[in-house]
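Got a structure for you, questions after.
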Amino acid sequence: MLARLEPLRRRCAGLLALGASFAVPLLLAGAARAEDAAPTADPGHTAWVIAATGLVLMMTLPGLALFYGGLVRSKNVLNVFMQCFVGAGVVGVLWVLVGYSLAFSGSELIPGFVGDFSKAGLAGITKATTWQIIPDVGASPEFIPELIFVMFQCMFAIITPALILGAVAERMKFSAYVAFISLWLLFVYCPLAYMVWNANGWIFKAGGLDFAGGLVVHMSSGFSALALSIVLGKRTGFGKEPMPPHSVPLCMIGAGLLWAGWFGFNAGSALGANGLAASAFLNTNTATCAAVVTWALIELLHRGKATAVGAATSAVAGLVAITPACGHVTVLGALVIGAGVSLISYTAVVFLKSALGYDDSLDVFGVHGLGGLWGAVATGLFGSALVAEPPSMGAQLVLQLKGVAFAAVFAVAMTAIIALVLKAVMGLRVGIEDEDLGLDLAEHSETAYSFGTGAASFVERAPEGYG
Amino acid sequence: MLARLEPLRRRCAGLLALGASFAVPLLLAGAARAEDAAPTADPGHTAWVIAATGLVLMMTLPGLALFYGGLVRSKNVLNVFMQCFVGAGVVGVLWVLVGYSLAFSGSELIPGFVGDFSKAGLAGITKATTWQIIPDVGASPEFIPELIFVMFQCMFAIITPALILGAVAERMKFSAYVAFISLWLLFVYCPLAYMVWNANGWIFKAGGLDFAGGLVVHMSSGFSALALSIVLGKRTGFGKEPMPPHSVPLCMIGAGLLWAGWFGFNAGSALGANGLAASAFLNTNTATCAAVVTWALIELLHRGKATAVGAATSAVAGLVAITPACGHVTVLGALVIGAGVSLISYTAVVFLKSALGYDDSLDVFGVHGLGGLWGAVATGLFGSALVAEPPSMGAQLVLQLKGVAFAAVFAVAMTAIIALVLKAVMGLRVGIEDEDLGLDLAEHSETAYSFGTGAASFVERAPEGYG
Amino acid sequence: MLARLEPLRRRCAGLLALGASFAVPLLLAGAARAEDAAPTADPGHTAWVIAATGLVLMMTLPGLALFYGGLVRSKNVLNVFMQCFVGAGVVGVLWVLVGYSLAFSGSELIPGFVGDFSKAGLAGITKATTWQIIPDVGASPEFIPELIFVMFQCMFAIITPALILGAVAERMKFSAYVAFISLWLLFVYCPLAYMVWNANGWIFKAGGLDFAGGLVVHMSSGFSALALSIVLGKRTGFGKEPMPPHSVPLCMIGAGLLWAGWFGFNAGSALGANGLAASAFLNTNTATCAAVVTWALIELLHRGKATAVGAATSAVAGLVAITPACGHVTVLGALVIGAGVSLISYTAVVFLKSALGYDDSLDVFGVHGLGGLWGAVATGLFGSALVAEPPSMGAQLVLQLKGVAFAAVFAVAMTAIIALVLKAVMGLRVGIEDEDLGLDLAEHSETAYSFGTGAASFVERAPEGYG
Amino acid sequence: MKKIEAVIKPFKLDEVKAALVEIGIHGMTVSEVRGFGRQKGHTELYRGAEYVVDLLPKVKLELVVPDSIAEKAVVAIKDAAKTGHIGDGKVFVSPVEEAVRIRTGERSDAALQ
Amino acid sequence: MKKIEAVIKPFKLDEVKAALVEIGIHGMTVSEVRGFGRQKGHTELYRGAEYVVDLLPKVKLELVVPDSIAEKAVVAIKDAAKTGHIGDGKVFVSPVEEAVRIRTGERSDAALQ
Amino acid sequence: MKKIEAVIKPFKLDEVKAALVEIGIHGMTVSEVRGFGRQKGHTELYRGAEYVVDLLPKVKLELVVPDSIAEKAVVAIKDAAKTGHIGDGKVFVSPVEEAVRIRTGERSDAALQ
């Protein structure tokens, strides 16, 4: 999704003709005459990006909500859903008001680091405004409506903070969660998106590659998850009593929808329907398949059985790792990235977590933090930039490592600051009785499931004609 | 989805060139020569409308089925699924046989009110027949295959009667339900679609705006739901015993899929992949986010807790309200419409329902009826028609109010007639014992859930080698 | 998805202009000059095929997993999910390594029967390589990136073996399942795909029609399912104790997602966004609706009640039957095919199965085997080939019967061989205690559901800091 | 002390609970069970095959009460749970030797108040 | 009257029910429970961590019968529920003082027929 | 023999089980129940309407033990299950006349070991 040629996007669409194979002088003349016209959106590219944007929303609602919701205990599942739904609501509003502008405006508050408010409230963006798609080497510029780009990016901004909730599930105050992600969006996500994807961002300008968000989405959320879970503290009983998933089938539905939706995320990041999108799609699927197979084999060797939660986890890990790389590698690279992430994330989830003793409830750090890190590094190892003369592998790797190191430090530091401020101001955790009772009842006065014929009878009075 | 230029659609595709920016004389000459050729479908627009059509089916199956199914008691969930599935089957068959013709034929049975049978059985529609997409001001005409327009509209015709079931859940005879929606489709939905979306419909001609179905889909189903639930009577125990949702997670999955699918519904109603579709998409998401946040705040103020069922409900309410407006308003309008609908629907669901005492099981009237009404009115307040010289705000508002008033009266009156006829002919309700037993067993001889190792043992004989 | 013109696909894109209606001499001159350029992908067609590919993945994950998973007992549901997820992983890796090459390479190992390894590891396929879409009569050639065709086909290769698992659910060893589908992919699926869809395949060359996979997908999996279930033997208790579905709602969600995803499968098989895709879409929906209505009527007559499992089953049956026909028939043909398949599959599932006494757990043979057979035959009865001079109905019918007969015999024979070899080498079934305990615990050391506050307490020790 | 166990129709639970509260009983334990008896089970369908489910959903109440009010409780339950239709259920009374309130350690009748 | 409580393996329920019907017992109440005993629990996995679940699914039967047929019922259950493997379960017999059929108000043995 | 029934808070199950194992009791049956008592129920919300759920999740333990260790078991449960907060639950003791181990046919105390 790099906006590398964003400054170009107001140039004339007539140049389109230059790259076309049957460009004859007369047409060029026509093109020349239109030189000053605004670029128009291509319906084909637009069609795919609209569909992709819908898919990315589906990743969060209901995808991620199910993936996480199935893994928690039945007394906390609605809290997870609420974090996803109300989180989406808050981010969706903030995004059109200021978030998009901070990340994708053409002018900047802090040069190289964050945009300004010039596009706040989507000022200046109409149905006719366009945005340039990722150009393949030698291809002519093509465009989609900027409004759909705003939405495509909005869905990224919705899912990224939602990823963090997995680390703090089953114990964080709902109000504190909403406050946290609002601040996190503005102070962590928007700046990182600016640095990596805006043509004026320092990582972008340095040549760091992050096709669909290894740094911006996964490392940022994964490392923030680690920091937040440490500030928050462990769940009561963590390490003593197991807390098995209350519904693995829900988790599997979520994993399936994430897999399908991720095609929108990764192939959609080409911002068009072309060979680059097809390649991103193929790499996404291939890496994920490799990750699932590898994880199952590791489990078989380590514990003698391959598990369903393992399959769901590894699918997500594979999808995470290929995210930054999917537009830059070949199918072989995808296979290696997928197999590699299972090794890394399995190790982190099984050994690292227990060694370090933090309680990242649903392993956001092991899967997204380290998976995103691996993907970003692997992009330097196996990928090549979409420019005429890509840098050498060594040079690209150094660029990637710089980006990775910065994203990790930035996410951890900013998250720690936000979390500590909120802890002081409003408190982050529910009380121990509420944790025991479950967050669904304690924070939302609801129960997820009421089975049995007698369930409805278990109630006394119904003021205001409840029915 | 207004078919405003439908009569034009057989004109030549050559005119396409007229609007293109690099139109040179020679090309125009070529265009002129082709003046009489049939218009051809644009692959890009077609791509998005095909995808959108699939998304709209997904809204009903499984989206709406889950949203409603999760909210009923566990003894009635399969009945809800059956209403959605068999309902889709019946409507899908009726639509290609007569429904599409009644709504979208070029000639009419009752002028201004309903079409005729000239397209019955899709007579005259081939793979090559095309339909014009919604033209933006000054844009040249573009086309999609009419067959996909038939299907896009079919999915609207499937979901609209299904919305009504929420009002009559847990007590209506299955056979009566199927009979009801069949008649309702032909006598309520098709005429309303004709009036609002057919170029010859009186509301269309008057200039009433309804981009994706505030009147045709939501007011029609919502007001019919109210009428039908009153004719049907309350559920036994309504108001005395609470009837909590048996599975809020199912409801949330449904809400998520509805949200994602609604992009197909609203942005698909542009019938193409362009700035208009992008704008409809952005408004849809923005209004929904605003509705979710607003509802949560209202709940917090009123009861001290934000709930998951509330989040799901408000998401749907936001989607409903923006439906008629999404192609006509700006992002600010979308924010106001979303926030407004939460105020209106919350008030209706909590105070109006108990004040009036009707049993609209899952609040179809409060959410769809009033949400659709608000959206249609708000289109007059904040929106502008897609024509060169849109009427003044006051004039448009009057047009909208006319449409709203007609749709409300028409839906209530027609539904009451159909319901009373069916009540006399076949009866509408199951017996009280069947209501107590649950409609899954009583109407479908099935049980939704069989958990526990011992579940299968709870059975005596298995004739015909059941397994 | 017939690749009928595949050998043409490297010819020049300039010919495109030939079919365009406003082709003027000058443009033709331009086209002529570009005669040798590589064909480029059309963004519109590409957009739809990318979206369709995502939809087809969603059919398996989570669609099919839910449809089957809901129908088994709660002690075996995770095993079904694992068969779908790990199955997808294995097929996804094998496909890019060798499967695609065996099915779609331009040269062949066994002439007319199977391709070779010339495209192994996707050798020679770049972002710029294209594949020709299904040409309508008289249309000019159009293209999509070959990489997305590779993926579209990959999703078919993922779902087809997964269909088989329904026949062997609740008793097959997980390791044996994975081994089986790997061999089955290479020795049954890839050859059949070659014969039917590759321009050099003998069925293709003979003129056999199979638009989206009646033979390749449904008959192959359905007849293989029958063979495998017989080799495997019945479930313990089959025919004595009923084994009711543990969660009909999960099954219904699956059916809904299959329905929506199938639009990608069938309309996507046009490989483009045009009238042919629209027609395939319309036929798909219409046949499915007809099947659902017909099945419900049959149930009403036979047992007095229409059931939810019946609605889900008939939706799938309708989708199966229209698969080979959807690009070749009109709406009337679709109605007949849909109604017909319900008669055939209901009879098979209720009477044939108990008469013959095999234990095809979830009726893969009755629904997919016979549904696919009926669809392939019906294509001969009601459909016409997409060529200038299609053969007579009688001649086409003979061609179809030849294909059907071959596919049935080939699938049964090959599956029996693979199954017997695996039975000898590694054993196919779990032990009877494991069958009783359930495959989730026995094969994956997991439990699908842990409800109740006390669930987590039911555990003793948690080595390695489990939490 | 006596233990009273009642198996009743699920939708009667509220009424029975109210009847017990009325006679001053403020403690009981409820569970979901399945009952087999004279009441006929349902026929269910699965893909055209019929089968009978003869274990029906019931709710079981357990309450331990001082001897003195056992009979009153039995009558209260019997009256509140009655529909007159087959399958209304049973009430059983059996002896209890000791009761302890965990929170306080109180024993016997004192544990029940 | 006696109350017979049996904790058995779930898949044996059908056989035990049939055995009881055979000796003329037509009423019982069934519930799903979890048993802890000599039978070893399962090891389960979650993301590479192992844990033991030592409460296993069992089915509990409760039936109140006239004194006269209590022993016959115990034997019927014991025989039908036996697999010979560990974890087959237990049968307990305890005294019941009163039984009431809610529908009719019949008491004692009459309530049980 | 005595039957000990305890209704406790769900999260206390592990501790109670451990306490019983410690005094040599290796068999018990556990079920999920709902309790009504002094402990106040929750208020729940549904679309702006409030209602009270006054049946709270509890866990019921049943164990049959030889007379000799009944009191020890009661005390072990009482101590392990206690939080001191309302709703901790109850322990009841009642007489059992016979016990049978299905697997072996052993009776009485021998069936319990």
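We just call them A, B, C, D, E and F in the order they show up, numbering each chain from 1.
Here, contacts are C-beta pairs under 8 Å (C-beta built on N, C-alpha and C of every residue); 3 or more make two chains touch, one makes a residue touch a chain.
Everything numeric in this text was worked out from a predicted model, so none of it was measured.
Touching chain A and chain D together: B, C, E, F. For the self-contact between chain A and chain B, the two sides draw on mostly distinct residue numbers; the shared fraction is below half. With centres taken as mean Cα positions, chain E sits 18 Å from chain D. Mean C-alpha position of chain A lies 47 Å from that of chain F. Look at where the CA atoms of chain B average out and do the same for chain F: the two points lie 53 Å apart. For chain F, residues that reach two or more other chains under the stated contact definition are 11, 14, 30-32, 34, 44-46, 48-51, 55, 94-95. Touching of two or more other chains is recorded for residues 26-27, 42-45, 47-48, 51, 55, 241-242, 244-245, 247, 253, 273, 303, 305, 307, 309, 350, 354, 444-447, 449, 452-453, 457-459, 462, 464-467 of chain B. Interface of chain B with chain F (complex): residues 242, 244-245, 299, 302-303, 305, 307, 309-310, 313, 346, 349-350, 354, 363. Of all residues in chain C, those touching chain E in their complex are 241, 436-437, 441, 444-447, 458-467. Against chain D, in their complex, chain E makes its touches with residues 1, 3, 17, 26-31, 64, 94-103, 105, 111. Those residues of chain C that touch chain B in the complex are listed here as 21-24, 26-27, 42-45, 47-48, 51-52, 55, 73-75, 136, 142, 234-235, 238-249, 252-253, 255-257, 259-261, 263-264, 267, 272-279, 281-282, 285-286, 288-293, 296, 303, 305-309, 311-312, 315, 331-332, 335, 350-351, 353-354, 357, 359, 361, 438, 449.
Residues of chain F touching chain A in their complex: 11, 14, 34, 41-46, 48-55.
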